[in-house]
Every structure is written in structure tokens, then in C-alpha cells.
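So the structure is just underneath, and the comments pick up after that.
Letters A, B, C and D mark the chains in the order given here, with residues in each chain numbered from 1 onward.
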Amino acid sequence: MIFLKNDYGLGAHPEVMRALMETNMELNDGYGEDRHCRAAAEQIRELIGCPDADVHFLCGGTQTNQTALAAFLLRPHWSVISADSGHICVHETGAIEATGHKINHVKTEDGKLTPELIEEVLVFHEDEHYVLPKAIYISQSTETGLIYSHSELKALRECCDKNGLLLYLDGARLAMALSCKDNDTKWEDLPLLADAFYIGGTKNGTLIGEALVIVNDALKPDMRFLIKQRGAMLAKGRVLGVQFEALMKDDLYLHMGSHANRMAQALAEGIAAKGYEFAIPPQTNLLFPMFEKELVQRLAEDVMFETYPIVTDTHQCIRLVTSWGTTEDEIEEFLKLI
Amino acid sequence: MIFLKNDYGLGAHPEVMRALMETNMELNDGYGEDRHCRAAAEQIRELIGCPDADVHFLCGGTQTNQTALAAFLLRPHWSVISADSGHICVHETGAIEATGHKINHVKTEDGKLTPELIEEVLVFHEDEHYVLPKAIYISQSTETGLIYSHSELKALRECCDKNGLLLYLDGARLAMALSCKDNDTKWEDLPLLADAFYIGGTKNGTLIGEALVIVNDALKPDMRFLIKQRGAMLAKGRVLGVQFEALMKDDLYLHMGSHANRMAQALAEGIAAKGYEFAIPPQTNLLFPMFEKELVQRLAEDVMFETYPIVTDTHQCIRLVTSWGTTEDEIEEFLKLI
Amino acid sequence: MIFLKNDYGLGAHPEVMRALMETNMELNDGYGEDRHCRAAAEQIRELIGCPDADVHFLCGGTQTNQTALAAFLLRPHWSVISADSGHICVHETGAIEATGHKINHVKTEDGKLTPELIEEVLVFHEDEHYVLPKAIYISQSTETGLIYSHSELKALRECCDKNGLLLYLDGARLAMALSCKDNDTKWEDLPLLADAFYIGGTKNGTLIGEALVIVNDALKPDMRFLIKQRGAMLAKGRVLGVQFEALMKDDLYLHMGSHANRMAQALAEGIAAKGYEFAIPPQTNLLFPMFEKELVQRLAEDVMFETYPIVTDTHQCIRLVTSWGTTEDEIEEFLKLI
Amino acid sequence: MIFLKNDYGLGAHPEVMRALMETNMELNDGYGEDRHCRAAAEQIRELIGCPDADVHFLCGGTQTNQTALAAFLLRPHWSVISADSGHICVHETGAIEATGHKINHVKTEDGKLTPELIEEVLVFHEDEHYVLPKAIYISQSTETGLIYSHSELKALRECCDKNGLLLYLDGARLAMALSCKDNDTKWEDLPLLADAFYIGGTKNGTLIGEALVIVNDALKPDMRFLIKQRGAMLAKGRVLGVQFEALMKDDLYLHMGSHANRMAQALAEGIAAKGYEFAIPPQTNLLFPMFEKELVQRLAEDVMFETYPIVTDTHQCIRLVTSWGTTEDEIEEFLKLI
């Protein structure tokens, strides 16, 4: 079977596993206070050029979003604005609402928020009979595989500043965003754009692990309490630190993202060459081609993938995902099937 | 000033105040266990022909919705489906989310849910990565002043039964719904349609007070714990019981609703006679006429009302509300102004 | 039957009812923004000598405690320290925990917190594996009918200041505390002692209603959102404003408290004269005499009261409560029975 | 330095790491639906002789407790009874309260609940003004290193059955409990005793991971929703399955626990031989010797350990912890120091 179902089907990148093996019999302090967490945090601060940032390591995306937003949404009536295709809106089983906060869902064209969309929400929420939007949630890249340009991000930042909103960036696929051929945002731009963001590991080469970066001083205090209260503080925190040390070394993180994107591009070009169209333009490692329904059925025999809820009378959209582990052979084989 | 701003601008109906005065120096048990709460509950059970219903008296609509839905939404991942114009969606400061539950907002034409709209939500929520819809929330009459017909309510009930959903009916303006000229739902239909509903007092003649009626046995246990935990159990619960006894006597409750509707109808006919149109067709005590913007400005000098967010280049929609206390003089005076 | 069961068995004081009747047919703005709420708030600000205080009117004690503490306990891991006999610990069905916050229960001799007891809690809570105490909760008078002296309150305030804690004072029976013969705390001391407190109406002459006074600027923003979100904002907020206007007029509030205390004192003296002892020394309107078990059984035929969980082989403690409505005749009759 | 600070200072047991390496480049389904999670669950069901049990794999203890108790505590006013030294009471930053539920803290002699202590709580919680206890929480072994005997566990079970309570067993150190020389509880007893329990991995040889076993059918539905909502469902769930497969093979799990206990016993005997006493009698891998204060200070130079809050004028209690990785050399060296 060709695996194009998601970007977490394999275990960890071999370099990550090697680091875990090498450090396994070390005795380390618990709860993220070990040398590896400290070293990885320092590597990240240097990478983003923000010596004052706080860096915390958590296990997965839903957990990181829930914990980080707990720091953003202090008062019970504060809400967060998100595209209605945002991961927190649909794929996290109401994790944000479970902590007592409303998400203001916004219908978008392509999964990307804009200042106009945000301000429409603000105008509507006029007094104490409504929740009070205090933050926006965006993903880079988005669930639709698209990236915000640097100027789009700056416009969102300005909109936030003007309206007293904080900006949270979900970087589950930050590797693919930053290594995308269309990208013009740099590591060191991130702390200027977001009040907090996370560097996703699970979808780019770790067994588990996301690095939450807190830039805004107001969000820093007591973050370890929030992490612990959500059961998100590993006794063996070193497991996360060791993996991120490996990711940060020799730019492995972006090399992996770049590989995933290259594989996707080859796949997209091959698909386009055969005359197929895409429901969403290909940009990073998620592709949304429209195939004849019978082809979709036939592909299911040899390829693992998911369908996507865009359908016409004759065609069905499917989602193809590449990762650091996708091989050129898999791409070639897939293209032979269509 | 002519008061057409809302249906809670006055105090209580004189009969309600008289009952409060007459019983004031009685010594009564606390926390809703007094003779008046018991008597009013019994009157309500007879009225709806449901001898097994539990009846609890609470203070206001948001509190009643929040408390009742706490019994519907047992597990943290259970959600409730509502029209996105529903009171719980917009006017309750995120009260439902504050208790940890997501509301599935549904865009509607006119503020009314339909089986088709409900089933679209259900299809989308396919597994444990999503919340699990377990209840629907409707208002009778709606925030748009419309009522569901009996057959529409039965269709919703059947949709709920088919899909394992419970049905909650917000009756803040139940008086106006049941006394509406177009209504074909009877008191005794309500327990067959809803698992729980409330009979609104605040918008129809009490100082405070809503009567929550629990029909479904599964929702009955421990309701007093939920009420107390939300600070919704008055030490002097008799204040609520006494008022509902007065409302239920000699059909006062529907007489008041009927008066509000008649005043609205007179107003609507007068407005239509002058050639104005309505953004939403007039049915109960909420009217949404479209007036020239300059007329709206002029009216504001003599009339208390609210604007409604439907605007054209030349016209602005306003909301006019009548109540048990609106007088024919007020209607006449208003019509002279347009 | 002689009624000594609680201080909320009657309706409202006649002056309060008169005010409600007189204003009933006024048209007023909703949600606490009416002239009566404004006037009553102003009266309270003058009374306590604190022109900048925010005053909000809510329905009952549990609701007020839950709403006020929501402003104190911003972050999910912040906790509040209370005597384990405190109303929030035992009689509110877990209302504080229901909003996500732990109460640090403290075992006390007599229901009163001390700096020593507070500091023991602080020492124990050393890092992020524990909740972080950020406020203390005290009642004046306590559930045991005792009052804190002014110097005891000042010591608590200093302890709070030293340790970065806020102080919340539950004044359900503030009338009885301030009018107690042993009291040396004045209205104008309260804003210097507490960051927020409430002036209880339900147990001292209103139908419903407590006046929440916010002194600390940090707690003021967005309080109306918190009130609305908990279903604690009445559409007819005027009902609360009108009642507090009446309470504040001609010192009616303290006259009522003083009456309750005088009745309790007469009762206590009569009981002591017959040779009975008290489990807790009598100070305000709650008495805890120890009676022979057979006497307790006999009293139950003519008197409404509650038992209290202090028992010896031969004696049972009972709780007797007087109020603004208790009469000298009732006291005399009771004393004849023992 | 001799490491006796905790049982999670090392990485994973070498067999566990080998299994992770061997399966690393396999492509697996996500979210715990892979072959390894299925196989490990099956091994556990066989081990405990309960073919119908549901088994879920989570990351750590706080997360597992919080998620499991969310299934136990359905209604917002339901509470859980725990010894006040229980992990959920003190070391989880209010994680249970953060989900809205009160813990009824019970003062115990030695960290162990008894039927008598439970029933005292039940008697006190008499009506809807109190929370409603619905479950008990115990740890096996406890935070004090003690184990419940089989007859003690049966007595707790009977107490629960009699009073409509569910029983949850925190098995963070279940390996040490079951392999303790004093233990008379067998794997197959556990499903008869507990409605749910977890088999702890973090403190016995995994990088991360606890296996939650749900026995009671009423607790099974929707557990995956609860896990996902708390951010506790790993995309690469295989990481947990693979580790538990390794633990369950050839009884490795109990061999590790047994080793930890043997090392502790050797340590305890050596300490006792030198004339020292224990604040809590040694039973499993946690020891609480009382040492002269100057000895404690001296030990700190060569040994990593924690102090325990039992102090006399001359002596200080310290906590010594052994694990699967503790060596005989370390024990010998430690004993030379005292």
C-alpha cells in the first residue's frame, strides 16, 4: 500500500530515535526541568532571535492549543476567533469549550482569517450580553494546506493590535509552511507576529512533542501550572527535550518539511499533468485533487488516503498527504495508478 | 415617550403584585419547598395534562437555559444544536460554553430549526474527533417573533427520536406563542413534543421567574442539585411560587400574551396601511418594520425601541415590542408618528 | 408554631414591599441600568465612603459568591482559602469547584480564619504541582454566628497584602454583624479591609437581592459580563435596585439587623438563666444551645428550628435563628417551653 | 550522585526502547487504533481475566486520572472521595476541580481510605445544598508506599456497592503493589474490585504511558471522546501500544516492580540495622526514614532525594525511592554514608 493518509503514520525520524537511545540511561530531573529541555529551548530562542521567549514542551496539538489558549483566555467570558475549518473548531472534540470558552467560528473562503472577517465579528459583539473576543487563532499552514504570506500575517497582527486582540499561531505543520517555496516568513518574524505559537513535532518527525513558544510577557506567568493542571507535564519531560534537540540540530526540522513539500509538489505536478484539477490550490504537503468517483474507488485498493467533503456529480475530492518519510518511489507508483 | 423597546420594562402585573403583598407576612419553608411553589407546580401539571412532570421555578431565562441544559448535556463532549440566532448562541455571554459544552450553531433563514438542518450537523459530526450532538434547542416563539406550527414541532420531535437527540424548548415568550392567532399547538401538546421546556414569566408579567418543566424521566434526578449549584435556588423560593400561582389563575398568563399580540397586530396593520414592509413577517409581539432612515431618527425622539441589523441604502429595520402593559393609546400615538 | 428556623421565612420588610408597589408601573431600563439601581449604588458608595466602588445587585448568596469569586480567580489554577465551615465549602453544592477552582478547606476552632491558618496553607502549596492560593473567603458574621473584631480583620488584611492574596467578605448577615453589640467595625472600614464584599439582603428583609461591592480596581472590569454569563443579571434589575433603596433609607438595614440581634440576646439570656449552656458563644442572631435530647424532641412540637451536629450522650445542640420579623412574644413563648 | 529521588529519573527499560526502535519505520493507523495498541490491550485483558474490559493508553498519571474521573463524574454536582494525601488532592494542580468537580478530602492516619471514613462523608452530605459523592479514589500502592490488603480492598468494594459509589484505583505504582511481599491481591482480582483502574507505566519502565482499564460497562461509552477532548489522544498512539506490549511480555512489568521493591527492602534493612526508625513502615519502593538533621544535610552532598514534611526537634523525615533501574551498588554506597 502507498501511504498518503496523513503525516504521522511512521514513528520518529531516525536521528530523533538515535538521540532517545543515546540518552536513555541518563538520570534526569523530571517535569521538563532537565538539561535537554533547557538546551532545546535555548536552540529555539536562538533560532527565532527572541532571547526572552519562554519555551515549553507538550505532547500533542490539541493539548498544546488547549493549554496555550487557557493563558490567553483568562476571564470566563473571553472568546477566541477562528476560521470555522480551524483545528480547534472541528477536530478537537470541543476541547476549548470544555474549558469554558466560546470559539467565534468564522466562515471563510479558503480556511484563512482576514482583518475584515475579524472586524465583522467584533462589530457584532457589542456589550455584556455577548462573549468578548480577545484572541484570534490561525494555523500556519492551514488545514487546507495553504500558507499565509508575510504581509497577510502582518495585516492580522495590525488588526489584533488595533483591536486589543492577541494572536495565537498553531504550527502543527510549521515545518511545511516555513519550507514552502512560496513562503516569505522567517523564523525570526514569528515572535513579532504572534503572542504565542507552537512548533509542531508530531507531524514532522517526533514520536510525540510540540514546542510552545510564549513571546508576550503577559502570557508567561504560571504557564507551568496550566500545563500541569491539564495533565500535559510529562514526568519524563526529557523525552520531549531530547527529541527537539535532535530536530533543531543541523536544520533537520526544515529539511524534513522541505522533503514533504517536494514530494507533494512532484505528486501535484504529476496529477496536473494528467489533466486533473485541485479543489484547493496545492501549496504545501496537503493536496486536494478532484478525481472521478470510480478512480477514487480503484485507488483505495492500493493507496491509503482520506476523502474530503467536496463532491460533484462525477468527481470526488480526496486528501493526499506527504511527510518526511514519503519516498519518490511512492509518488511514482501513485502516478502510475491514475 | 412611547415604550416599544422590550417586554420587560414594567414591573409585574397588578394581580401578581397583589398576590405577593397578600402572602408577604406568611412564614414559609425555603428553597422552593413551600406551599405556593407546590400549588403552582400542580396547576402547571394540570394545565399541560402531565401529572408526572417535575416543575422547578427559577429566576430568569439565561439561568434557566443554563441549568436545564446541564441536565441534558451530561458528558463533557455532548453538544446542543441551535439556530445561530438562538438566545443561547448570542445573548447569554457564552453561558452554555462556560459550563463546558459546545453549541453547534446553525445558519437559518428565519431563526427556525428544521430536521434537514439538524441532520446536516449530525452527518458532519462523525467520530470522536468531533463533539457529539445530543440535544436541540428551540425557542417558541423565536427571537424573530415567529412560531413553529404544531406539525413543524412534531417533525422536529420525530427527527430527535430518530437520531437519539433530546428536545429543549425555550418558552421565554411561550405566552405570545400559545395565544398567537396562527398557533395550533396546545398546552397539552408540549409534554409530547419537548423533553423539557420553560414557561416564561419575566417577559409576561412577573417581577422575576420562569417555570422549568421536566417531562423526560431521565432528566429529573438531581435537578435540585443543579439548580442550587448554579446559584439559581432562591432562599425565598415562595416569591416565584406565589407569582406563578397568580399567573395560572383564571388563565391570566394567556390573557396577557394575547393582549401583547393584539397590540402588535394593531401596530402591524397600521404600519402596513402606511405602505411599510416588514423584514420578518409579523406573527407575535415582535415587529421588524423597515423604515426610512430619517424616519427612524425622528421616531427616536418620541419612542423607545431598538434597531435591528438589517439595513438597505435607504431603510433601516427596527424592532418594536409590545407587552401585557402596552396600551391602545400608545399604538395610536405611534401610528400618528409615521 | 414559633419560627426560629432561619432568617428567610418571611417575605420582605413592609417598607421594601411598599417601594416595590409604588414603582411597579414605572417603565425602566433593563439589566440593572435603571434609576433605582443607580440610586441604591450611590447610597451604598456614600455609606461606605468609597466613591469609586462598583456596586452590582444580584439575587442570592451562592450566586453572588460564585460570580464575585470568578473575578478573583482568573487563572484556572488559582484557589481560594476558606474555613471548612464556610458557606462556599459546604452549602453551595460545589458551586465554586463547578467553575473550575479548588477551595483550600481549613479546619478551624470556631469558623474563623486567622493569619496563621492561612500561612500554613501557603507553605504547603510550594510549586506548580499544587494549586496557587490567590484569595481568602470569610463571612461576617460567620455560619457560627460569630463576628471578626476590627483588629482581627486588619490582621487578615495585612496577611493578605503580605502574601499577595485578595480578601473577599461574604456579608449574607452583614446587618447582624455591624449591629452586634461587640462590633467595632464601621461601614467605612469595609473598603479598606476587603477587595470586594456583599451586603446581604435575602437574610435581612428583601424578597431577593444582595449588593456586591467591588473596591479593588483590578476586579472591576467586565463584571457585568460575569454576571450575565452566570444568569445572574435580571431583565427587571429594578426589582433589586428598588429594594436596596428602601433598605438604605433611614438606616432601615441596620435597624433590622439590630432587632434580630436583640431578639437573639433576649433568647440567649433566657436560655442561660435556665442553666443551659451554648456550644458556641452567642454573639449575633444564631444561637447554639445544648438541650437535653428529650427537650429537643418536645420543642419540635411547638417550635420550628434545626438541629446542629454537636451531640453528647445526653444533650443535642440545636440552632435557633432570629430575624427582623421575630417578635418578643415568640421569645417569651419559647422560654416558657424550656 | 546516588539517585533515590523518584522512580522516573531514567528513560525506558531497554526492552521497551528496543521495541520502539524495531517498530519505528512501520506505518500505523493513528489515534490508538493500530495493531500494537490492540495487541497490548488484548494482553492486558488476558492478564486480568476480563475479556470485556476496555483498555485505553494515555500519557501520564494526572491526565489519566482526570480523563477517567470525567467518565465517573457525569453530573456537575457529583464528587469523588479521596484521602487528603491522594495524588489528585495535592499533586495535580487542581486538575479534577478544573473539570468542575469537588474532591471530598478525607484526613487519614496513613493515606488509606476505609469504609468508616467513607461513610462519615456520606452522612454529612445530606441534600442538594451539598455535592453528591459518587465515587472513591484510591491508589495502590499509596503515596506513602503502603498497599491495601485484598480484604481491605474487598471491604471498600462492598462499601461502594452498598452506597452506590464507584471505585477508581490509581495504579501509578501498581507494579510495586502487586509484586510486594505482603501483597495478596492478584491481577484477576482487580476487575472485581475496581470499576476502572490504570496500570502505570511512567513509574515502571516506559518513556510515557499508562493503561486505563475500564471494567464497568456504564463507564465505557464515549471514552475516546473524553480522551480526545482532554488532548490525551496521541496521533502516534502506537508509541504507547508498543511500549505496553513490551511490558506485558514475559512478565517484565512485575519483574521491574519486584526489583524496585527488593532494592527498597535491602535499603530499609540496612537503615534499620543502623538503628534508624521509619515515619511510615516500609512496604514497597518508597521509604520514609527519620534521620538526624545534620545527617540529612550531609547526605544531600552525595544523594539525590526529597525531604518529607515530618520533623522533630532533632530529626527530619526524608523520602527515598527505588526503581527498576536502582542498582545494588547504589544501595551499598548509600548505606556506607549513614
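Keep this in mind: contacts are C-beta pairs under 8 Å (C-beta built on N, C-alpha and C of every residue); 3 or more make two chains touch, one makes a residue touch a chain.
The model shown is predicted, which means the values in this text are computed figures rather than measured ones.
Steps from subunit A to subunit C, minimised over paths through touching chains, total 1.
At the interface between subunit B and subunit C, over half of the residue numbers involved are used by both copies, so each side presents largely the same positions.
Averaged Cα coordinates give subunit B a centre that lies 33 Å from the centre of subunit C. Taking each chain's centre as the mean of its C-alpha atoms, subunit A lies 42 Å from subunit B.
Subunit B and subunit D have centres, each the mean of its CA atoms, that are 50 Å apart.
Contacts with at least two other chains are made by residues 76-77, 92-94, 98-100, 128-129, 131, 225, 228-229, 233 of subunit C. Against subunit B, the residues of subunit D that register as touching in their complex are 70-71, 74-77, 99-100, 128-129, 131-132, 222, 224-229, 233.
Residues 76-77, 79, 90-94, 97-102, 105, 124, 128-131, 309 of subunit D touch subunit C in their complex. Residue ranges of subunit C in contact with subunit B, taken from their complex: 1, 3, 6, 8-12, 14, 17, 20-21, 23-30, 59-67, 92-95, 98-99, 202-203, 207-208, 225, 228-236, 238-239, 304, 325.
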